[in-house]
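Reviewing the structure listed below.
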Amino acid sequence: MSISSETVDQVKGLEADKYKYGFVTDIEMETAPKGLNEDIIRFISEKKEEPDWMLEWRLKAYRHWLTMKEPNWAKVGYKKIDYQDLYYYAAPKSMDRPKSLDEVDPELLKTYEKLGIPLKEQELLSGVVAVDAVFDSVSVATTYKAKLTEMGVIFCSISEAVREYPDLVKKYLGSVVPQSDNYFSALNCAVFTDGSFVYVPKGLRCPMELSTYFRINAENTGQFERTMIIADEGSYVSYLEGCTAPQRDENQLHAAVVELVALKDAEIKYSTVQNWYPGDENGAGGIYNFVTKRGACRGDNSKISWTQVETGSAVTWKYPSCILQGDNSVGEFYSVAITNNAQQADTGTKMIHLGKNTRSTIISKGISAGKADNTYRGLVKIMPKAEGARNFTQCDSLLIGNSCGAHTVPYIESRNPTARVEHEATTSKISEDQMFYCQQRGLSPEAAVSLIVNGFCKEVMKELPMEFAVEAQKLIGISLEGSVG
Amino acid sequence: MNIQQSSKLPFEELIAESFEGVTGDWHHELCKRGLQNYVDVGWPGAKNESWKYTNLNKLGSHSFSIAKDYSTAIPEDMIIPLDCPRLVLVNGVFNSELSDQKLLPEGIALTPLANLSDYQKTFFDDLRLGKEIKYALPLASLNTAMFSDALVLELAEGTELSSPIHIISIGSGSQITFAPRIVVNVGKGAKLDVIESHVGASSGMYFSNSVVQFNLQDGAKVGHYKLQNESNESFHISLTKVLIKERAFYDNFTISLGGILSRNEIQAHITGSGAECCVNGTYLGAGSQHIDNTTLIEHIAEGSCSREVFKGVLGDRARGVFQGKILVHPDAQKTDGYQMNRAMLLSDQAEINSKPELEIYADDVRCSHGATVGELEEEHIFYLRARGIDRERARRMLIGAYISDAIDEIRNTGIRSSIQGVAENWLKHNLYEKK
Amino acid sequence: MALLSIKNLHATVGGKEILKGINLELGPGEIHAVMGPNGSGKSTLSYVLAGREGYDVAKGEIVFKDKNLLDLEADERANEGIFLAFQYPVEVPGVVGMTFLREAYNAKLRYSGHKEADAMEFLKFVRSRAKTLNMSDEMLKRAVNVGFSGGEKKRNEILQMAVLEPELAILDETDSGLDIDALKLVSEGVNKLRSENRSMLIITHYQRLLNYIQPDHVHVLAHGKIQRSGGKELALELEANGYAEFSGEAA
């Protein structure tokens, strides 16, 4: 039997997947009434004890959103979302902004422990990671805050930042992703509940990895987090983001916005391991992951690097982008997207070259199995003033089985003769020779696929911080379980 | 018809005019269906993904009239210089005086539109892949609504022609529009080379909206080489639709030089195993020319291969568009697809938009594409200069070499050198010795 | 008792019968050479033993260590102790040699109910194996076989063999594509791995490999059958006379 036909059989015979984060935390929640209108937005704003300008900003976004249409150009299909049938705010009742970790509901601490994210300030094997934990609509805890504050790093929930650092927030909020940017980002502007805020002061190389862990728990709740990172002149920060959700039969909406700003000589490294619940093998349930992530290299010699390992979600619509404004600024996008069963992913990046000698690199690895569809969609745009701009793009797709699809849709637009853009793409499958070679050395077909796929993704995986790389590697194996052997 | 619409679509009134006095024969019914399809989709705008980079507002708002004059002389210096039988269309209508109908070799048949058999009429069936909007071919539908004559060529099974056939479409007159329609049906195991030249008789401004169809039956071998050299201010929109059956071989090359706005769209559908399809080309733009090459290569059957190489040089304010898609269906296992687009910008105001695309539903395939955008490598220029060649000459040599690399894809050596000459001539007059 | 016993083996590839009744017995520690002209079925035999898909056994039996080999998948056979040194070792992009080897080594340990090896211990072990073969473990830092020369690929196979310590090693045309120096190096490696617990089946077209690795028995395979068997002198005879004797369709 050929590998592919065997794969198909195995996919067919596959029992419900092994999503180990699919449990639900039983905790009393406070929610806003279902549906969306100006009152709900006022409710959220009030809950967050926001100043008036913030509420006005939200309402303005909401009014604009009402005039917009949901985009349909991506190569994904999903049931129409009823925006009035969602909860826009859900928070654990016990949560009255705990002052320290000791005050956090033990049930919540247990949840994060179970997820492998202990909210304790302890030295990890390979370095120190400060964690902001977001549970549905609120940030429940931020570790190492005191230590970071000492160095001048602000790392807190965005709700707190709105209250405590209004000038910084006002200056940068919506400056990278404008309110009217797209349908989902406009919605986020109106109803965003929580997320992380990071400011790294001039000249500081942030010595710890900052990390946010997002968890959707409540039923029928949309998660609309908003993250903002500002790296002041000459600073450096590495930020990690992880996400999981319980296994539910209905789809859940996750429409986040991430804005990054790198000033002169600053560098931001943003890594994501996205493992939202992907739905079952027939496509029931799972997260709709409609996310707008964008970074602005505002200053000369600045750098923004996106690394993502996307294994979860039923539908992914996500294009972490870089606007290369400063001269000599650098944008990078490293991506592994794995789709299995009925998952659909339409993901890629945009590199907008505005400044002189700006450089960008795009490495995308798409793996498609089961009945999944996996699309890379990317734009490289060279504006007239981007003298000497350079881009290199490589997109490789791997197909496992004969019922899935892999697509590459790059857009290349150049208006400067001194710019150089190179794009390469390949599509192939795991060869039977490779499989047999591995099996002859004693590896099971499943181990062989996992090994070969990890090799295929290596260029991207090596960009991940150590703490994440190991987890991501395991995740790849788990995501492809049942696709072979 | 479309009553809700307050204003009519471009050309809608002209079509109505062309329908006057026509009886309800097969051709007229076909035109009516074409019009309906055109009205259903409407004039392509920026929202239409396939026309994202080519704006037709100027074309749509210009007022044209239908060509009435069908005689002129062949502008010999504009076409590919080759000694072979010619078939000439003037403003989309066959001109027997300018054509070498009598020189056509045995085995090849030319049938006037009025005498088409029922089988031949099926060649004119709907060209769209489906009713969905993404398959819409608004301009091809417009051609179906408007064409007044068609060139229908058939090569009998097993016939191998040693000399090419040269089809020449001449635009003659000013402010006119016409819709050339050409069908070439190549029988089983037959072999044929076709040259297709699109030229203007004078400097008049016109709009040529052509549809060219090639049907390759099992084992047919076809070379199809197109020169787009319309007059400077003219519009050229064309769709080349190719059906490739088992073990057939299709070798296509397009060189685009002329017109103010042109679109060369090719859709090749490989429905038989063991078939091979090459879609290549070069585009040379100067002034404020806009040149669009849009291709779709569809692998439907198992075990076929395709190869695509496009190279462009853009000077002044010229804009180039390349959109190329390889689509591999689930059953098209063992597909081997390759696509490469390279563009060179020679001026600060030139622009290229490129979208090479892979859409793949079969796992046992080998598909790759690449695209590069840039200028001449300074290193290469330096190397030549270090050998004593001056900068300008070095630059010309490198541009020439860059273009001939694409032209080398042409399998027919005689035609290859003729097209090479045409390209060199263009570079000389438009880039090197201008002003 | 035989380690490997092949009885009346018939095998087809793509519906075509390639092996037409092979009989062969290998005792522990014995080295057998199978020689034959191109297209005689030599590589087919090695793939059938290793359990490659598409190589279907139509008739006959293969018993390895008292087990019916045909009941086992390719990876199970490897873990039972069968190692195939490939004629054309496959490139596995991105997978570092050391990782690959550790996965294979641990798979075998797990198969036999042992605990997986400690990463550091394993590294030391591999280094020591490489040293006995006069090879550097430099190759193992690169992706498996990617960008390797022909000689490097074959040496890599022998190093893997040294680490995985099989009971039966099948060397499929290990000499092909090697110059004389590389051939010597690879043969030396193989000779170092000779032991009374390890049998080898050396598949080759030419006698020259057998100058370096001395077999106990030589078999001539042609038209899908063993046509003659003898001692190592048979190889020399073949070298002198070629395969002409076996070129006609055998009765």
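We just call them A, B and C in the order they show up, numbering each chain from 1.
Just so we're on the same page, a contact is a pair of C-beta atoms (placed from the backbone, for glycine too) under 8 Å apart; a residue touches a chain by one contact, two chains touch by 3 or more.
Here the structure is a predicted model, which is why all the values come from computation and not from measurement.
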| item | value |
| --- | --- |
| Taking each chain's C-alpha mean as its centre, the one farthest from subunit C | B |
| Chain pair with more C-beta contacts, A-C versus A-B | A-B |
| Central subunit by CA centre of mass proxy | A |
| Between subunit C and subunit B, distance of the C-alpha-averaged centres to the nearest whole Å | 56 |
| Between subunit B and subunit A, distance of the C-alpha-averaged centres to the nearest whole Å | 43 |
| Geometric centre distance via CA averages, subunit C-subunit A, whole Å | 48 |
| Complex contacts: residues of subunit A adjacent to subunit B | 4, 73, 382, 384, 397, 399-429 |
| Subunit A-facing residues of subunit C, complex | 50-54, 73-75, 77-79, 83-84, 86, 89-95, 99-101, 103-104, 107-108, 111, 143, 160, 164 |
| Interfacial residue positions of subunit A with respect to subunit C in the complex | 1-3, 431-434, 436-445, 447-448, 451-452, 454-459 |
| Residues of subunit B that touch subunit A when the two form their complex | 49, 330, 333, 343, 345-375 |
